[in-house]
Each structure stands twice: as C-alpha cells, then as structure tokens.
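Here is the structure we will look at, set down as structure tokens.
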Amino acid sequence: MFKKLIEESTGKSPWLFHINAGSCNGCDIELVSVLTPRYDAERLGFKLAGSPRHADIVVVTGPITQQSLPRVLRSIEQVPDPKCIVTMGSCPQSGNVFRGSYSVAGPLSKYVHVDVDVAGCTPKPEAVIDGLYLATQILQEKRKGMKK
Amino acid sequence: MNFLNPQHFPIFAIMLYFLGAFLIVLFGKNRAARNCIAFLATGLALTLMILLVKPIMIDGGIIAYWMGSRVPAGGYAIGIALEVDALGLFFGLLIATAVFVSCLYSFSYMSEDDNEPQYYTLFLMLCGGVMGLVLSGDLFNMFIMVEILTFAAVALTAFRNRVTGALEAAFKYLVVGCIGSTCILAGTIILYQQAHTLNLAQLATIIPLCKGTNVSIAFALLFIGFCTKAFIVPFHPLAADAHGAAPAPVSVLISGVLTKSGIYGIIRLAYFLFQTMNLGTMQFWLVFLGSVSMFVCVTMALAQHDFKRLLAFHSISQIGYVLTAIGLATALGASAGLYHAMNHTLFKGLLFLTAGAVLHETGTTDLGKLGGLSKKMPHTTVLFLIGAASISGIPPFNGFASKWLIYQAAYEKAAETGNIGFAFVTIVALVTSTLTLASFVKVTQSVFFGQLPKECENAKEVSFGMRFAMGILAVLCTVTGLFPNLVQTYLTGPAAKTLFHVTRYINAMLGEGYAESAMGASAPEAATRTIEIVGVWNPVNWLALLMIALLAICIVAIASKYDAVRENKSEKVEAKYSLFYGGEDTVFSQVGGGDLFWGFKHNWRHYFSFMHDLHSGIVNDYSLWAVIALALAMVYALIVL
Amino acid sequence: MITLNYIASFFLIVLGLYCIVMKYNLVKTVIGLSIMDYGVNLLIITIGYNPGGTAPIFTAGELQAASYFVDPIPQALTLTSIVIGACVTAMSLSLVMKLKEMYGTLDTREIRRLRG
Amino acid sequence: MILDALKTLIYVLIFPGFLFCFLTGLLLAGIDRKLVARMQKRVGPPILQPFYDFFKLCGKQTIVPAAANKTVFLVAPLLGLAALVVLQLFIPVFQFQIPAFANVADLIVILYLLLIPAVSIILGGASTGSPYAGIGLSREMVTVLACELPLVLVLLSVGRSVGVAIGAKEGITFSLSTIVRYQLESGSLICKASLIPAAIAFLLVIPGETGNHPFDAAEAETEICEGMLAEYSGAPLGVYKLSHAIKMLTMTSLFVMLFFGGIGTGIGNLVALIGLTGGAAAAVTMLLDVLVLFVLCVIVTAVGISFVHAVTARLKIEQIFKYYWTVVSALALLSLVLVWYGL
C-alpha cells in the first residue's frame, strides 16, 4: 500500500529544477509564466525547486554552450532518481538559430537521455504544461520500475 | 588524633594539594612519579570532599576546625580557623571535581610540553589556593589564598609563553588582579579596625553592630576585589585574554574554579558578613552587575573569532547568570544560582577541554582556519555538542535545568516585589540564552561541520585519556540535567539554605547562643524560606517520551528504507555526490564564523564597533575600568548601604 | 600624628593607582603596583598602632587586663603582605623581561595583540 | 503498569502524537497553500498536495554528499521531528490535557523545546558542508533570535496576567493547563484588553517561527537554494518538510490555547444538551474539541500565515531582525507593561 501511495504521489508532485544553458531568456520567462495565476501549474503540483537535490524534473533551456555543458551535466547528475529531463524550446533540441556555432555543444540528447522535448521558440505555456504533464507520467513509470 | 574523623578532612584536602605541589618539585623529574603524585593528590582530595557530603549536606552539620586547637577564648576568635558549611563544601566539591578531571586531561594533553614538573606544581598550587579559599573561616586567610591562586593562575597563563599573547595576557591579569587583591587586603584591614577580628563568623556578628562609613567602604573594596576574581564586568577582558593563551586544562581551572572562588567570596560577603546591611539594597547592585555581565559578554562572544576567547566570554556571561540569581536573595534564586555555578563548571570545563582537543590536533583555535572536524574527531564532536547544548540551555542538559530555575526565580521576584525591573532581568536572561545558542551554532559550523581545510587533513581523534576526561564531564552534564530534583535536594538545596541561616554559621564557630547574645535584637531571624517553583519541568519523563517518539520514528524510517542511501563509494568524488555549487565543481568555500549572523550584527553594528573600541587591549584602560568600578562601588556603598 | 599616617597611606594608594592607570611604561606600571602595596602596608601598620602602646612582648606573668600595647596582628599581616608584594614585583618584572624580548617594547600601547 | 505504558504509547504514536501531527500538520500546510493560491486568484494545488509531496520524497533516492557527516545528516531530521511530536503532547486540547504529561513541561520549557527542531535542522544543514547551508543556518539562527524576544515578552505577559487573575501564590503561572483551565472558566484571554497587543505580537511571530514567507530568508529557494536543505534529498528532505508542517500546527495550536482557550466550553454544554452521558459524552466532547481546535488553527493559519504570505514580498534577514525587535517587541512590551500595572 505504501509503495502504491508513493507511486501515486510521484506523479502528483513534480518539482522542477530549471537550468539555463545559454538561453536567450525567452523560454525562462515563459516557464515562469506557467506558474502565474493565469496558467497556474501549481494546481498540478508543480513547484520550482531551488536545488537539483530536490528536483524531479530538470527543465533545460538554451542551446547548451560549451561553457555551460559540464555544469549542466553535473547538475543533472546531482538530481536523485527517479528524474525526468525536459528540454524546453528548440535550442537544446537542435541548436535552433545557434546551430553550428563554435560555442554550441548541443543538442542535449548527445549527452544524456532526454525524456520530453517541448519544441517552439518559445513554446506556449499550454505546450509547456502539456510537456511537463507528460514528464510526470514518465516519472511515474520510472518510479514503478525503480528499485530503491 | 583520629585521622578518619571528618573534622580533619577539610585541612587534609587543602594540604594534599600543597603537599603534592611540594613533592612534585622534589620528585617531578620522573614522569610516572609526577603523574602519580598529581593523580593521588587530586583524587584523594575529591574523595575527602565526597566523604564530607554525608555529615554536612545531608545531616546539616558544620565543621569548625581550629588550627592547633586554638579555640576561641573569652568570646574572641584568636586562632586560625577552617569552617566548612554546606556552601563551602558545595564549592569545594565543584573545585575538587573540576581539578580532578582537568588533571586527568593534563596527563596526555601536556605530555608534549617542556617544564612539565613546574606545570603540575603551579597547577596544584592553584587548586590548593582555591580550596583553601572556600574552606577558610578567616578573612585574612582568604586574602592569602587569593594571592596564591592569582600567582599560580598568572604563571599558568604565561606557561606556554611562546603562544601569541600569553605573556601579555598574564601581565594584564597580574596588574588588574593585584589591584583586586589589594582591594581585598585594604577591605580586610578596615574591617579589622572596626571589629578587631578576622574570623568570618565573628565578623558577621560584629559588623552589623558597627555600621558606618568605614564598613561601607570596606564592603565596596572587598566586593570589587572578589569581582576581579570572578571576572565580572568590567574585568571580563582579563578572562578572555587569559583563557585564550592558557593551556586548556588551565582554562578549565580559571573558568570553572577561579571564577567560582570569586562568586564564593561575593556570597560570603553579601549573605554572611554584611547580611544585616539590608540585602535589598545590595540586590540591585548584584542583579544589575549580573545582568550587564550576562548581556555584554554574550555579545562580545558573538563577535569573537577565536574558539577559546569565545568560550572565555561565555564563561563570564554564565557567571552573570549566577550573580543575578544569587542577587535575587530568594531561596529559589540562591539555589538556582548555585546550581548554575555547578553546571557552569561542568559544561564550561567540557567545552574548554574540547577546544583543547581541537588545538592539540590542529594547532589553532582560529575559527576562520578550522572546519569539518566532525569526520576526523567524531567523539570530540559529540562531546562538544553535549557541552554546547548544555551551555545554550537546550533541554534536557543541565544548563537548561538551572537557567530555567533562574528565569523562574527572577520572574517570581518580579511578581513578588511588583518591580518590573526584575521582569526585564528575566527577559535579558532568556534572550542571552538564545544568543549563547547562536554563538555555539557559529562554533559548531565553523569548527566541527562545514568543509575540512587542507591544513586540518591530518587531524585525528585525540587520545583515550583526554576523551575519558571529557566523557566524565559530559556524563555529569547529562546526569545533573536529568535529575534536577536530586541535585536540589542533596547539593544546592542545603547550600542555599545556609545562606539564610547566618546565626547557625556563627554559633557553630563560636559556641551555641553566641550570635543571639552578641547581636541581641539585630540577630537575623533564621529565615524559613522555602523553594517555590511555579513551573513544571520533568526532564526524565520528557526524555522518555522523546525516546519513544524517536524510536517509533526510527522504526518507521528503517521499515521504509530511510537508511538506504546513495553515497560516494569510489576514491574520487563523483559528480553526483559533490556539493551543489550552481553546477560548478566543488571548491573549498567554508562559511567561517566571521561570516555568520550578519543580519544580527548589522542591526547592532554601532554597539559592536563601540564595544570593539572599548576593549582596546591596553592594560592602562583595564586598570582604569577597575578604578572606575571601585569608585562607583564606593559611591554606591556610601549612599545606599 | 596618626591622621598623617592615614593621609600618607591614602596618598600612596592613589599615587600607585595613578601610576598604573596613566603611565604607559611597563616598568612604571610595576612601580605603581609596588607603591600601592606600600600604601596598604602603611595602612595596616597604622591601624594596629595605639598611641603610647608598648611592644606586645610579655611573659605569662606580666600580662594583665590593663596591659596597653600595640595590636600585634596587623604587624603579622604586614609581614605577610610585604612578602606577597615582593612576589608580585618579582613575578611582574620577570613577565616584563619576557615581554620586552617578545614585543621589543615596553610601551603598553603597543602590547595589545589581544583585543576586541 | 502495562496499561499505562500502552496508553503512553497511544498518546505518543496516535493522538495527540505522531499520527495526529502528521495528518493535521500536512493538512494545515495544504490548506495554507490552497488559501494563498486563492488569495492570488489561482486555483492552487489540491489540499492533499503536502501528502503527495511527502510520499513522493519518500520514494526518491537519498544522496549523501561526499563532504557530509552521514550520521548527523540522517539523524538530525528524525530528532527534530521527534522533538516536535513530543512538544505537541504538552499542548492541551482545551480541557483535554493528558494527565501524565501535565507535569512535564511548562510554557518556558516549551519555548526552549521549540529550539530543538531549529537546532536539528541547523546541525543537519551544517553537516553537509555546503556554503549555502552555512548562509542558511546563519539566517535561521538570526530568525530564531529575532522571534525569541517578542515570544518571551508574550509568554511572560500571559503568565503574569493569568497568575494574577487566578490568585496564584507567586503571582505568576507558566503552566499551560492552568492557563487553559482559567480561560475555560472565565473567558478567553483575547478578551482582555491588556493582552490584545500580545496576541497580535504572537500572531506576527508565528510565520517567523515557522519560517514561512515573508520571513523565510533562511530557506530562500531562489537565492540560496533553500539554505540548509540545499543538499538534502529524498526521505530526509520529506521529514524536514513534515517537521515544518507540524511546526505550523504547533505554533497555531499554541496560539489558540493561549488566547482562545475559552472557546471549548460551549461544546461540552452542547453535548450535555443532546443527552449524552458518560464515556460517550467525553468521547464526543473530545472529538468536537479537536475539530474546534483544528478549525481555529486553520483560521489562525489563514490570518497569520497565508494572508501575510500572499500580500508581502520576502524580507531581507536584517529587516526581519529589525522588524521583530522593534515593531513586534514593542507590541508585546506594551502588553507586558499593561499587564504589570494591572490595566
């Protein structure tokens, strides 16, 4: 019963940790707007966490610059399992307009397994919520498959 | 002569220390002989003190011992006397315990110093001086003992004279200490002029009959003299300097034993010698000084960045509690004050010893240079935490038990007299306790937790001997905290009771009925004050409940695999287990003691900078404070008493 | 006559205190301590003095209720106090020597590593 | 004997101990979050959200940083939780005070018992070695310091006021059960004009003591990564969150007992009116009392925590200190002076 409770809860309380990997701030603003009264992602239990140790979902924005790559990877590494990695905006998925630049190391999927991609430049808040919701489903699946 | 008669125990206890000191000079070259003598002297003295508990504390006897059997003739005390009542024995017990533990600790702590024989000689002289002071029944003997202990303490402060500031601290202490001793001498002699006797009991009888300017001045002189020994504000910088430089076991003696001798002197003065000079007026003086010491020293401690210096300021802050409680002149206040005096000896001794352990292993006590020792010295950390919890008044340790009584006493006094000033004293006491906690959080963070600096990599757990000595004190801290009722019944209660039975003290010395006949109507009535505690606090039950709750929570936690943690297994620290620095690699970034509590210090910045300037470190300034304090005390004594 | 003694001892004590408080030289501080001590010693002796009293040396037969002598106790006290004063001076001077070695100065205003 | 032990066990584990604290504490936290959301015109999380959070955290990995002292890291949260649960035992539910525990701790002791959870979180944070934790614990300690003065003043005023009113020999009382009993007999303390400033001061202290917004500089997630909790993950973090929720319950119920202790009386009469007697009546009364207590706690939370949260921005740490030691302390001091001179 306890196990079931945990599994149920895992999907209902996803805490986000947001990493800016060289983003233009468009996505960052959009992510914050998801938590505003208009969209209110908190009704699904979403909350911004301050430290990767508390996070369930890592939201990465920006095209993963050379400078930020080791930091991004380290921070992702520090998130306890089960965790979900969500890329937000086109940058971390393809490099977007920065693709091919000498300073861009992306896409993120080259380095870690990405669970959800929310495309768009920037994605609409509705899309972000949808993507995050999808991530919670994946999170729940991961939790079921996880041995403590 | 029957040597097993308890009558002789007090003089034996004093003699043991001095004899030990003498023998160490003779045979101290050999390490084993030296340690053996020191151990025997301190151990036997402690045993004698414990043996005296039954006849004095429980049966309520008073031992009056006349040297050379020169009993009083014609109502005049001519000979030199030892008089041990419950109060004296209480302090004697404290001293013997602290000395014994500190001696045990010294065996391993001082083993790397040179001149060890001299150390033990001075050490035992200091102990003998303090023991003689508290067991003496003669004012001039008290002065001699004060001088002996001051010398020994000064010499011991300067013992490690290569340590920065050791000589400086010793010199300052000597100068101001001598001003204090001279005050005691001058006060003694003025009293002698009035009463033509030096016996405490007889003085207590005669002084009330010859009130006047001279007696008031004598009071002021003696009071300031004992204040310098207890390091009450404005003499607190001396304590801070001396503790910072002295070896840890000596710090234990200075804070746990020497300050107690000052407190003992003040109690004898206020409650016995000058008991009829209206305690009420003395109250304000004592309570005021106590509260000021309490608050000033705790704020000074917050601003320190040296482990031992910080502890030194706390020491005086706690003495402030004791003085405040004593000054309330209620049965509960006296009992609470003595209780706190005892606890102060125990927890402050423990803390100084842990500071010594840290110094021993790392070579520094600078809070900015230490950190993360909890992984290297786990036992010391636990012992330190017990001491820190005790001094900060965290239940269920002993500091809380006595501080709680002090709050009650102060507030009861406020309610009884309707004087809102005592309510503010209660508030100061309560807030000071939290400030104490704050500064110990600072020490905890910057010495035992946080990150380990490179320089401390080689630190390891200290030797068993040192841990054993600390362990004794830690156990005592816990036990006296858990059973406040027992402590009150068998130790502080009888001792506090004697404060209000001056006539008994006089009669035990000079024969039954002496006080009544000599003093006539002015004989203080044998006050039947009882200890009334408003609040309720039952540490054992609380601890039992906490243990049940903790156990239950632990069972639930373990059942749900709380302890199934992921930790770094490989040699190198993997990214997953490195600290979070916003994604950066781990760097050394210990948050040192000086960086903490900005929010508090910022609001008090003017006060702190003022205090910093005031503690200039110039010996002239400190002497000036002493003179000013003396002048104020005299003015107060002349006007009010 | 005896009043002069009291005034002198008071003067000595105050002079000693003045010396300790106002002089920035370590040796002068030590001198101040000594002067203060002398003042107190003088005070003790003065208190024990009875005008016209004889030395307190009697054989058992001579001592009567009417014997008039100076109080011997303060004299004993003074002796002790003088010894202690000498110890204080010795101790403080040895400290001064060490301080001079370590700090290279005798000025109290420069010997203040411990402060704040 | 065994029966007594069993009873104690039930008190500690179920009511008013662990289980009760767990349920009501988290529920209170959920209501608080919902209320804040509603005040900000949001839908807000479900009321059971803190439960989800807690269970989720239980299911996550616990990572012990390499620099941390593992024992302290893991034990500190449990110790804090246990201390809080035990503390709750000493706070009566109107006339229902467990007789065995009435003589264990009084108001002043409770003041110090409240420090233990704070100390445990400080120790836990310090043990990780994180610099964020260092800053966090510094702020936490300053917040505790800031709250201490007004809290002390409030408790002393209440102790004096009730002590005089019941004619205690010493003129003061610190026994919580005495204070509540007095209120049941002669009306809640909030009705005393002299204690109204104290009540307001206490209300203002609650968010500071629990570390709620806007006094959460110690756990500011946006600037210092939740300070002392920065390195915590999984179950220990969940325990800290739980402790935080329980602390809200403790502080609000303490407030209710100190200032609204008289409200429980009407209920007993109501039960008598219906015609219940004996054990059933006692049970129903207690149940109703608990309900009333909870409702009052919710109201206090709404006013003292949620409303303040919704309308203010986070204060800097030195502002918190200044605020508590000036405005709030002045209010409490006013109360003390009024009580002292019998107004």
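Going by the order they are written in, the chains are A, B, C and D; count residues from 1 in each one.
Basically, a residue touches a chain if its C-beta (ideal position, glycine included) is under 8 Å from a C-beta of that chain, and two chains touch if they have at least 3 such contacts.
What you see is a predicted model; the values in this text were computed from it and never measured.
Participant: When all chain pairs are ranked by how many C-beta pairs they have in contact, which pair ranks first?
Facilitator: B-D
Participant: Could you tell me which chain lies farthest from chain D when each chain's centre is the average position of its Cα atoms?
Facilitator: Result for max centroid distance from chain D is chain C.
Participant: Distance from the CA centroid of chain A to that of chain C, rounded to the nearest Å?
Facilitator: Computed value for the inter-centroid distance: 82 Å.
Participant: Based only on mean CA positions, could you tell me how far chain B sits from chain D in angstrom?
Facilitator: Chain centres of chain B and chain D, defined by C-alpha means, are spaced 36 Å apart.
Participant: On a C-alpha centroid basis, what's the spacing between chain B and chain C, in Å?
Facilitator: That pair's centroid distance is 30 Å.
Participant: Where in chain C do residues touch two or more other chains at once?
Facilitator: none
Participant: Enumerate the residues of chain B that touch no fewer than two other chains.
Facilitator: Residue numbers touching two or more other chains: 560, 564, 566, 574, 576, 578, 580, 582.
Participant: Give the residues of chain A touching no fewer than two other chains, as numbers and ranges.
Facilitator: Correct list: 51, 53, 78, 80, 148.
Participant: Determine which chains touch and list them pairwise.
Facilitator: The complete list of chain pairs in contact reads A-B, A-D, B-C, B-D.
Participant: Can you list the chain C residues touching chain B in their complex?
Facilitator: 13, 17, 20-24, 26, 29, 33, 36-37, 40, 43-44, 47, 71, 73-74, 77, 80-81, 84, 87-88, 91-92, 95-96, 98-99, 102-103, 108-109, 111-116
Participant: Please name which positions on chain A make contact with chain B in the complex.
Facilitator: Interface residues on the chain A side: 2, 19, 51-53, 68, 70-75, 77-78, 80, 148.
Participant: If we count contacts the way the header does, which residues on chain D are in touch with chain A in the complex?
Facilitator: Of all residues in chain D, those touching chain A are 33, 37, 40-46, 49, 51-56, 58-63, 132, 220-222, 224-226, 229-234, 237.
Participant: Which residues, counting only chain A, touch chain D once they are in their complex?
Facilitator: These residues of chain A touch chain D: 5-10, 12-13, 37, 40, 42-45, 48-51, 53-54, 56, 78, 80-82, 143, 148.
Participant: What does chain B use to touch chain D in their complex?
Facilitator: Those in contact with chain D are residues 372, 374-375, 378, 385, 389, 393-395, 400, 404, 407-408, 411-412, 415-416, 418, 420, 423, 426-427, 430-431, 433-435, 437-438, 441, 444-445, 449-452, 532, 534-538, 541-542, 545-546, 548-550, 552-554, 557, 560, 562-568, 573-574, 576-582, 586, 589-591, 595-600, 602-603.
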